[in-house]
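Two complexes come next, and they have one chain in common, subunit A, joined by subunit B in the first and subunit C in the second.
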Partner chain A sequence: MMAIREQFSKTKNFNLISLGLMGVGLLSIIILFITHGASGDHRMQARFWASLLQNSVYFLLVTNAAMFFIAATTLAWGGWQVSFRRVSEAISSCVPVLSITTGIILLAIVLSDNHTIYHWTDTEHVKHDKILLHKAGFLNKGFFIVWTIITLVGWNLLGAKLRQLSRKIDDRPLDNAGAKKYIWDNTVWAAIFIVFFSLTVMSSIPWLWLMSIDAHWYSTMYSWYTFASSFVAGIALITIFVIYLKNLGYLEFTNEEHLHDLGKFMFAFSVFWTYLWFSQFMLIWYANIPEETTYFEPRVEGAWNGIFWLTVIINFLAPLLILMSRGAKRNYGTLTFMCILILFGHWMDFYQMVFPGPMKDPETSVSHVPMMLADLGIGLGFVGLIMFFTARALANAPLIAKNHPFLKESLIHHT
Partner chain B sequence: MSVKKFIVTSFDDEEILFPAIRQVRKSGYKIHDVYTPFPIHGLDKAMGLRDTSLHTAGFVYAIMGTATALAFMTWIFTTDWPMNIGGKPHFALPAWIPITFELTVLFSAVGMVLTFCYLCQLAPFVKKDHFRLRSTDDLFVMAIECTTKTNEEQAIAFLAQLGGKDITVEMKETEWWLGRYDKDDRHTLIKTEPEIIH
Partner chain C sequence: MSLLRYESQVRPPLVEGHKDYHQITEDICRPVEAAPSLLWWIGFGISVILLLFGVFSVYMEVTYGVGQWNLNKTIGWGWDITNFVWWVGIGHAGTLISAILLLFRQGWRTGVNRAAEAMTIFAVMCAGQFPIWHMGRVWMAFFVMPYPNTRGPLWVNFNSPLLWDVFAISTYFTVSLLFWYSGLLPDLATLRDRARKKWRKHMYGVLSFGWTGSTKHWQRHESLSLVLAGLATPLVLSVHTIVSFDFATSVVPGWHTTIFPPYFVAGAIFSGFAMVQTLLLVTRKVLNLQEYITIEHIEVMNKVIILTGSIVGIAYLTELFMAWYSAVQYEEFAFFENRANILSPYGWAYYIMMSCNVVFPQIFWFRKMRRNLYVTFFLSILVNIGMWFERFVIIVTSVYRDYLPSAWSTYYTPTIWEVGFFLGTFGLFFTCYFLFSKFFPVIAIAEIKHILKKNGESYKENMDEIEKVSVEEFADHHVDKHH
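This part shows the complex of A and B:
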């Protein structure tokens, strides 16, 4: 085996940028708190908490999707991702800190006496609300809190287990029997992760955390759609880190063949996201039942119109047309641009999922778009946080899982 | 119809084939084609073939499908036979997206298959010359096109040194023509013994 640089070390600039971005985030939180959060008005406060909710949930789901990528490829007995799997493991090691942040924010919103975001938490109101009364078995504080905590703890424990399995063989080459057992162990734990993941991200969690903002409305497709968003953004995040490390001269075994496949993932799951987005939209548009159209009313016909269609352009048309050709998927520049665009596009998508509800004027039922600067700032803060913790995790472990039984498959990978 | 002169040789193994291709290209011979019993990764790169344009053709067919579907439905529902369906607007774009998608896929898939067959000169009732039938079984066959500058004896010696077997010089038809394999008895096809000119 040729000499490789196994050990990543953070550059000074990277540290400065990540700390700077975290500073921007903190400053945005403080400013938004002063202008909105500290106000006595419930709707002003809700605008502050909605921003924290949107950003923390989005970035938590995106980093957790990195571990889903590992679990899914492991379960499929894929070999091509082994040469850069440490990158997605490193991204997923942001999950603990982001889960704590998200957990605190969610609990604070649910337990407060401000019911603007989750109006099903208002027990007095629910008594007279027939629809919410029927949903009370699912939408109640007790279930929300218990299931949220179980979910966050589960993601962390299973993610830590899969990362630990990967690190375990770093200084211990495997013989044939050991390799078989290792693959089997990985497969079993990846399967457990995916079952838990599908019970949470792919079904109940987006219903609880995001869909219950518009508590009268429901869509069974919502969770799949949220998962598709977070997964394609997660792939974009992995790709961006792979390209960054390649530019620094690390990851010698990862080449444009692997990048090509990551590009295919981004392309395919952008289309998958659109498929779910459209299926949810078209059925509701066709049936035209007032109970269902309430969700799209502010988004398609109200003030959110521009943002709503912008997300379709960024998340569907741009990846479809730009990532379609083979050359684009093998080009560092194009891929970097598309990764940033997709991460931003799905951030916007989460934005229009969360905000129209809390921004609705209860008297006129008209929702308006807030000034997004502070939200973008908080988003950048989370980006800085992810950069910081991912780079720290990258520096903690060798960049290549060199004893992984499928490494050879990754080295000779060819699309 | 264009009959050309080729030097044809077989190799036993792709591990002999790849260095041979490199050497043959380096020496300036013009490789007409290489026939293998199974697809081999990287053979196109070794032979210096350009990327196929099939996917560009596929994109064009797909756009044609999209345009056909949208134009046809728009004409029917807004001009030719407007109908009130559930109070929806006549130009009901969301309802048409699934059909547009299907036609896009259909046009691009069918178009690409037909284009692929044309590029490979495959069609019913159409015949093609084969260099060595055993390239469909276990041999790796390389055909070098002779130009006016090709010194055949030198080329044969060169190929033999690279591990080529059964080296022959043959006249072959390169195009396809109408005919049937079981009826047409054109001499080039069924013969197991290649016609040796040199």
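This part shows the complex of A and C:
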């Protein structure tokens, strides 16, 4: 009989790397704090906090996207992804720790007396700013804090429920009736997750956390765009962990057919991201209304120009050309490279969403690009954190959801 | 070789009634081979009458000019463009089913794809009428073609989304037609081989392009399907995206908003599925095909309806929120006065749209309702009314009261010839559909056979044995080892 290695154990190297990366992150935070955060100048401080904001929000949304992937495939009654379902679950179990981190960072920014990142927190200024005064019903500290907390608690509770449902049948094979009931329960909870997800990630949360940095500006596409960016990165994260486990000889039931489909997802959602990117950018460029073009002005004509177009090259051109062929999507090396590239590309995308606002000189209204080394370091710290907690979750549960009614379909999956 | 035909018992069968290959051919060919029923003649007759009324309406418009319509100084687009967008949107479900669901390997598509693709083609044919006859001097229609010409340096405006529409929709139509027709080939050959009368044999012989069913034919057929699916997927997204650009590239409040492209696509699929439900609920009953278009199919499509309806709903709310959040008074006026104010002249239209597209479809959260044929039929009609009003609200309420109150137009109501033209496209649509359902198999015979051994009722019963073995045993016996 085929032997299955159900129990994952962390290798020494993996631990070392994840702890090392966290060390790099911590060191970067300390350095950036000394050079900027501890400064008395509000703009210098904001540069420090913007980095924490960008990194924490990005990685929180990316890990939460793993739960979205589970919920979406559950709702669609997908079978193929069951063989590596535990990987997505493990990634999503980083959401609690990242939620706490992000929550603290957001609260610290909103409650501080430094209003460089979120202008609208400056109540004195808002009194004289007609537009911000108009928006005060939405952009105010009270609503921000309450909705942020509700959102974070909601993601965590619903995510935990879906993970618990998955673990519940590990020692309990199901008969036909039980299997039907089980799929039904999962579908119901996945639907609740998706509804909550769309009321948060696909609408209100990106407006509050990110779009309000450029507080005067608005775009109806913004939240869907943010979702697309974090979702494709989430798929990349799942893929890279699947490949890692395959390379160690785990996940016997997952093969290149599954990776091929993950590759298709990365390809398709990279194109989807581009579609939303193009729609938002082109429509604002074409209509050329000053209130709307202010957002793209520093990004396209200012110092951010290089980064702005680089994200399009990395997040669109590269996946389009490299992941087009069948072979590439079935090749561990190519896929690993693309996963890292996509995770970096969307990190960069979030970078250009967050920083141009806080980096703007209030005198001249010119925004400049900061030295990014420390931000990258902090990003690596988050990567280490995700590695650490994902591996811990992987080790805590069997690697295969053995009694899932669709597992056998996943075994014989072919593209 | 891994086991090819297995699926979980949790999934209900997609072909009911213990069919074998021969029975499938018999069931689906029967309506094509039998003489048309009285019901068919009545339906066909009504459609042709409607079509003729449409032809006459268009004749009036061409002869006496666009003045025969009630378009006026600010409402340059009224019923015509509303109908255009509505029909184009309906077409989208066919491509989603045939192409995108093929890429997602959804077995249930085989029961409904043929009719849905046909619907796509007819809907796009109807849609295309509106911009063409809206031109007024329709004999100049060829001006939209960009080619070196003798009209001096007179070129089409490549910067205009209206021109992009010409390219998008004609390409889309071409690919949809190819996709549908190449799928028909094996079935047409089946009809040819079964034909008793000489003229039938000859007709289906010509139509089936000499299909023999050889392995080589099948192999090419499969790769062609995949290539066309790959082409059709970005195309279907592009079509409604570009239709949305017609509005969103402008600076008109209510038209210019960045969410338009994906939200238009979602709305298109939403209305298209509603139309598929309307058509198939009747078709399956009249042609006695309930075992192929099962309750399961209906339920799955209702799930698509609630999904896309909710996406549209969240887009409506996003627009409304952003109109306020933008703090632009014109945006606020367009949304809160011209639309959401129920007492404003067109307020009623906005609430028809909201209730039909967002509120009523929520009933499909309940499984019982998704599987209720009457509820489904009724709702599918409501959704299409709602989606018509969505386009009407977008087009008319955005332009009838703009920046300059002196230009505010009088209340716009269509003339008989505008209504007649719209009814005429229904005539065209249903005339085509009736002919299609008489001369072509409304279900893809070959594709149903393709899923039979996996999703057919008797085959599923035999899988119960496999269902009971442990996953390790299953892996030992049924899974490829070389991975």
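Here is the rule we go by: the second predicted complex is superposed on the first by the 414 of 415 C-alpha atoms of A that agree within 3 Å, B and C clash if a C-alpha of one lies under 4 Å from a C-alpha of the other, contacts with A are read in each partner's own complex, and residues count from 1 in each chain.
In this section, contacts are C-beta pairs under 8 Å (C-beta built on N, C-alpha and C of every residue); 3 or more make two chains touch, one makes a residue touch a chain.
A quick note: this is a predicted structure, and the numbers were derived from the prediction, not measured.
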item	value
Contacts of A:218 with subunit B and subunit C, given as first, second, both or neither	second
First, second, both or neither for A:326, with subunit B first and subunit C second	first
Touching partner for A:255 - first (subunit B), second (subunit C), both, neither	second
Which superposed partner A:286 touches (first subunit B, second subunit C, both, neither)	both
Partner chain(s) touched by A:364 [first = subunit B, second = subunit C, both, neither]	neither
Subunit B versus subunit C as contact partner of A:414, first or second or both or neither	both
Of subunit C and subunit B, partner touching more subunit A residues	C
Subunit B versus subunit C as contact partner of A:79, first or second or both or neither	second
First, second, both or neither for A:13, with subunit B first and subunit C second	neither
Residues on subunit A lying within both footprints (that of subunit B and that of subunit C)	286, 414
In the complex, subunit B residues that touch subunit A	41-42, 51, 55, 59, 86-88, 94-95, 97-98
Sites on subunit C touched by subunit A in the complex	2-4, 6-11, 234, 237, 241, 245, 248-251, 256-262, 310, 314-315, 317-319, 321-322, 325-328, 365, 464, 466-467, 470-476, 478-479, 483
Residues of subunit A defined as touching subunit C within the complex	1-2, 4, 77, 79, 130-131, 134-135, 138, 173, 176, 179-180, 183, 191, 195, 198-199, 202-203, 207, 218-224, 252-253, 255-257, 271, 275-276, 279-280, 283-284, 286-287, 289, 291, 400, 402-403, 405-409, 411-412, 414
Residue numbers on subunit A that touch subunit B, as the complex places them	278, 281-282, 285-286, 288, 324-326, 414
